[in-house]
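Heads up, the next two complexes both have subunit A, just with different partners, subunit B and then subunit C.
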Partner chain A sequence: MTDQRLELTRIPLVKRILASRWLQWSLIAITLPVFLLAILTGFFGTPAGSRNFGIVFVWIVWWALLILVMLPFAGRLWCAVCPIPAPGEWLQRRALVQPRAGGRLYTLGWKWHRRLDNIWLQNAAFLAVALFSVVILTTPFVSALVLTLFALVALGTSLLFERRTFCRYLCPVGGFIGLYSQVAPIEVRVKDHALCATHKEKTCYVGSDAGYGCPWLIFPATLDRNTYCGMCTECLKTCPLDNVALYARTFGKDLLTHRGRRLDEAYKAFIMLTCALLYSIVLIGPWAILKETAYAVGSPAWWFYAIFFLAANLVIVPGIFLVCVVLGKSIGRIQGATRQLFVEYAYVLVPLGLAAWAAFSVSFVLINLSYTWQVLSDPFGWGWNLFGTANWQWSPYWAGGQAFLQIPILLVGLGAAIAVALRTAREQRASPRAALPIAAFCLAFTWVMVLLIF
Partner chain B sequence: MKKEFFALTVVLFIFVIFPASLFGYQRWRTNVDPVRVIDLSANAPASGGWVPDTIRVNLGERVRLRISSPDVVHGFQVPALGISVDEILPGHVEQVEFTAMRAGRFPFACTRWCSADHWRMRGVIQVIDPANPNPAPQKSAPPLYQQLKIDIDAMHPAANVPSARPSAARGALLASTAAGDLRVGSPSDVFANLRADATLKSHSDSQLWDAVAFAWKHASGDAAIARGRELYARDCAACHGESGQGDGLVGRNLPGMAAMDSSMRRGPADFTDAAQMLGASDLLLQGKILRGGMGTGMPEWRTLYTDEEMWDAISFLRSFVFDYK
Partner chain C sequence: MMDTRPRDRNLRFGILALTALLALAALVAPLPVAVPSLSPQARTIDVNARQFAYEPGTLTVQRGDTITVHLESLDAAHGLSIDGYNVNLQAEPGKSADITFTADKEGTFKFRCSISCGALHPFMIGELNVEPDSPLARALLVTLVVAVGAVLYFWK
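Moving on, here comes the complex of A and B:
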């Protein structure tokens, strides 16, 4: 984890592409019809999930791309091309490609409440979706309903609030994308902070004739983590000093930065870790009764499941982790508040959680990916055969070889997590032994995941 | 402005022309090929069972069901429409076409023991007559066990039990003696009637039981017993056991009659228990199969079995206590 980075925007073609105002629009012009089709097939297509484009493309193809490719290698790239906030943003701008004079936005411009200037709402929204995920992931109509709700809330928020308030504070997916984007080997950053200080207009934040102020409400000069950078590249366009660039960097570089670490983000890490564990138990574990209970929304058994699900996310796993933190504090004789140490150590769970999600995703993505060919030819399940693949049989890919992917993924996640734990202990001026309880937590979690997956 | 106009055109195309072309294509297709395709996913009950579990089609509509399984081997049967797919292998798509020629609700079910909750894997094909989309529900006469007020939740032990398994073959010698309505009375009742007949005094109990066995076999017919054997193997054996002793793998954890009275037998009924089977009339057995056992784990079969199938199954059940060879 060294601080070496390579400025990709030195490559003229890359620079040209990123500076183009057509870039984001072009990519959204591809994702938008796919998103629209996912909603239409959910509402009007077959209720059989495995034959419905909406379910297969959103929860298998998109999910696989997000967890296995985009997040680990491109960070928040998805946020830049996500079609959900696009209509709202276009209405805000009253333009699709070209900027308005001075980067003006047409919105009521309400400010987000300061007390909500965190990701607690995103945590709650993700938990709500996660609690019903067994139903959402398998029922096209419900899935379409949820996607439509996201789009409507995003649209409403854009009309009322400034910039991408929905993405920054409400999107249930955006929260964990931001958290895990810290791992990615790519970043948008200013080149020279001193130069920024001399630039009085701050066009990267307020906008200019060349583009809009940061839609993510970030002042790029202070950007030191990927967490809230939507990679829309507006700042590359609005900086008149050519002082913003896209960099390739070492994996997980943001985890070396302590500034801005917060309890809401820490809890996001717990929620993601716990959900990966619970999904592995409920969705791919051998206990049919659990899956059945998760399906039976509203039944007495489901209420027990819901209470346990929430308790595990919010109390049990953070509680166990807290015990480890307190033990580590005692072993290392670390001074300072336990709460802050708890938050610091929670970032250990970023690589661990991402690895767990990747390993979990490998198991169901490889098994279900072959449904893609059927739904490409027959998205609604109406008997179409557009590309001649509608009747291709389902067949799991590389069924015997999943472990060869999953074990290395989990081990890399474990190794990175322990490295972050050791570094955190060092920064507390404690011996490496102080990180032992945290390392044991990570090891135990990985071991349980291995047992569940195989 | 030209650039914005182009971008706006593309976005309008995405929001208007693209969806319109999808639905337009489907409309055109429907005119060219009027077969309506419906995907039916056969999931193990723990994963949601049939999806969808209600299929609505119009009277006279040609329908192609594309049935697939994402987990284990399932079967598919709509008894009332005569549709059956014996095996739906995971990953394969089985297609079956039918034209719904009469309106009504037609239950369908899985015919493979896909899981412990297999019997819950059911659904309904609802055939709607557009001219009469909401017909008044048809009232059918209650089953005989209800008309005769037979308490199917109570035990009906036989007053008389043979010392050995009665033989239908031996009983043929006394063919003319067995009489009475074999569906209303239990074998024990029929035996009691024979025993009370002074003209049969010279015959032993064993001989009279053989006559009763013969009477039941004769009334059923070999074909019905053979069909009943197939139904039993498909739908009953997993719980009640191949031998009929209530020791099937799937039924091990079912509460059985103990759900109603803890002093009663736990688990599926034992069809080799002569005291119970000979005390039960065919009507009583029919009632249990029709309605199922409240809380016992016994599913209801009224919606899936025809009357004939019901009696065939009961005919076969008698073979566990009567020797039909």
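Moving on, here comes the complex of A and C:
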């Protein structure tokens, strides 16, 4: 197969920007104050979520940018500019911009336990946040508490463990960003693997005077998926052979690589798919009882909700999918372990889930985006009017027309999911018929999403 | 890897074209959906609003009906704004509001609170179903067409 990639770093300006140590710092210099303001407004601002900067900017503006723009088009770009691990990373480095000699880090440098070298903890952390999400999304104080907790855990982890251990193994958001970044048409990769083999110093991993070893604990020469690449471009800076580049590529290229597929990532795909479905039912459906139940944390009804929520994520949806896998295995007379086949097919859910999240997000982002103008002028809800927009009325954008965006998004996700399913069947040396139950699952899921959002 | 032999390329192009054609047909062709049995009527619907719910949460009418929504607010100021219709009314406790409009567009339309009323305000949502709901039927049909088209396109 020909390499259908475009090396963007051949463009001198792009190369110069990415090689600059100021790039990441200057972007974080923008996101960090916004993050701090979100926390401050959460703690000290109005409790009315739709008038509070923290709620509006984190759960509407940032969320929309992440799901609708950054993830599908730029992969893990957000991780490169995320303010949460920045203070810890700066403390580790005892520097803001320029590197220490040899890329030395000031941390206890503990290694993450090998048995936890996976994303199960991220899956658990995401589920925990998701379970309380109705409260977190709507209550500024709780939202600020959660963001502060993320920042403190990130800081503590940086002081104790090596590099970005928090981002790699603990961040509840990082898990799904990594999973869905496989769809993005952009990648950081080495140019020539043979050249890497001759380079004994491995400065991209251990660091050098030019920069730090990969903060994401990745040896760039082995990188064949975006999942764990934080796109910080540190390896571009530390490679003395100019052997690392930023490429534009076809959408979803990583989904054609089935090396390294794992059950923890498969479960992340299920959790994301199920949460998109449940949020569409609970948050944007007309059933007030469900919203009230999800909000009434600790009530007897909430416990039923919590049990069902967890069961749907961990048992029911994966169980239905497993039935489809077993059916497909039987139809295609596929040899081998059902568990591995289940894992292989689960990557079908990456485009399907991302599309479901995008469609779900469109339904509330466009409707609520106009709150942005109010909170920009009055972030705390204290009656300020900094830019003269504090009294702008709520005005839903493109109300009634969202389906024209949502349906095509869902259809693209469905088409891509079916393509991955059929390819997976071929990789098993089975007839394409083996993928039909999986395709039926994808169709049924998309139908349910259409019913919910339409 | 995709097969690039001319015959396969032509087949794939044919599948793509047929899928697009059928999807287009599903969007515009007359559908055998149930036609309203009654002629358009004038209906008054009482809706109670409270934090953070409408009762009833789902309103079902027939296309062409003239609808009067009578909104009562039970606890705080609430609004009712219907997506896709130029309808927005606001009520306070003891001060109800009415609005009359013609349900001239088919489909399911969310209605939502237009006055910030508390924590769950952004998700205080109800649904207006204007039957027959042919947009939903068309969307489901297009989804089926795309799924079948994708299976055929990526089969080899």
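Keep in mind that, in the parts below, the second predicted complex is superposed on the first by the 451 of 454 C-alpha atoms of A that agree within 3 Å, B and C clash if a C-alpha of one lies under 4 Å from a C-alpha of the other, contacts with A are read in each partner's own complex, and residues count from 1 in each chain.
Please note the rule applied: a residue touches a chain if its C-beta (ideal position, glycine included) is under 8 Å from a C-beta of that chain, and two chains touch if they have at least 3 such contacts.
Fair warning: this is a prediction, and the values are worked out from it, not measured in the lab.
After superposition onto subunit A, partners subunit B and subunit C are found to clash with each other.
Annotation for subunit A, partner touching more residues between subunit B and subunit C: C.
Once the two complexes are overlaid on the shared chain, A:F364 sits against subunit C while remaining clear of subunit B. When the shared chain is aligned, subunit B comes close enough to touch A:N391, but subunit C does not. When the two structures are aligned on the shared chain, A:V129 is found in touch with neither subunit B nor subunit C.
By the document's definition of touching, of the two partners only subunit C reaches A:G400; subunit B does not. Once the two complexes are laid over each other on the shared chain, residue contacts for A:A95 go to subunit B alone; subunit C is not touched. Once the two complexes are overlaid on the shared chain, A:P33 sits against subunit B while remaining clear of subunit C. Look at A:P432: by the touch rule set out above, it reaches subunit C but stays clear of subunit B.
In the superposed pair of complexes, A:K291 makes contact with subunit B and with subunit C alike.
Touch criterion met: A:W25 reaches subunit B, while subunit C stays clear of it. In the superposed three-chain arrangement, subunit C is struck by just one stretch of subunit B from 6-14, 24-32, 42-50 or 168-176, namely 42-50.
Within subunit A, the residues touched by subunit B in the first complex and by subunit C in the second are 47-51, 138, 288-289, 291-292, 295, 394.
Listing the residues of subunit A that touch subunit C in their complex gives 1, 47-51, 134-135, 138-139, 283-289, 291-292, 295, 363-364, 367-368, 394, 396, 399-403, 407, 410-411, 414-415, 418-419, 422-423, 432, 436, 439, 442-443, 446-447, 450-451, 454. Residues of subunit B that touch subunit A in their complex: 3-4, 7-8, 10-11, 14-15, 18-19, 22-23, 25-26, 29, 33, 35-41, 44-48, 51-52, 64, 66, 68, 70, 90-93, 115-117. Residues 1, 52-55, 57-58, 81, 83-85, 107-110, 112, 114, 116, 118-127, 135-136, 139-140, 142-144, 146-147, 149-151, 153-156 of subunit C touch subunit A in their complex.
The touching residues of subunit A, when paired with subunit B in their complex, are 25, 29, 32-33, 36-37, 40, 44, 46-51, 90, 95-98, 138, 288-289, 291-292, 295, 379-384, 391, 393-395.
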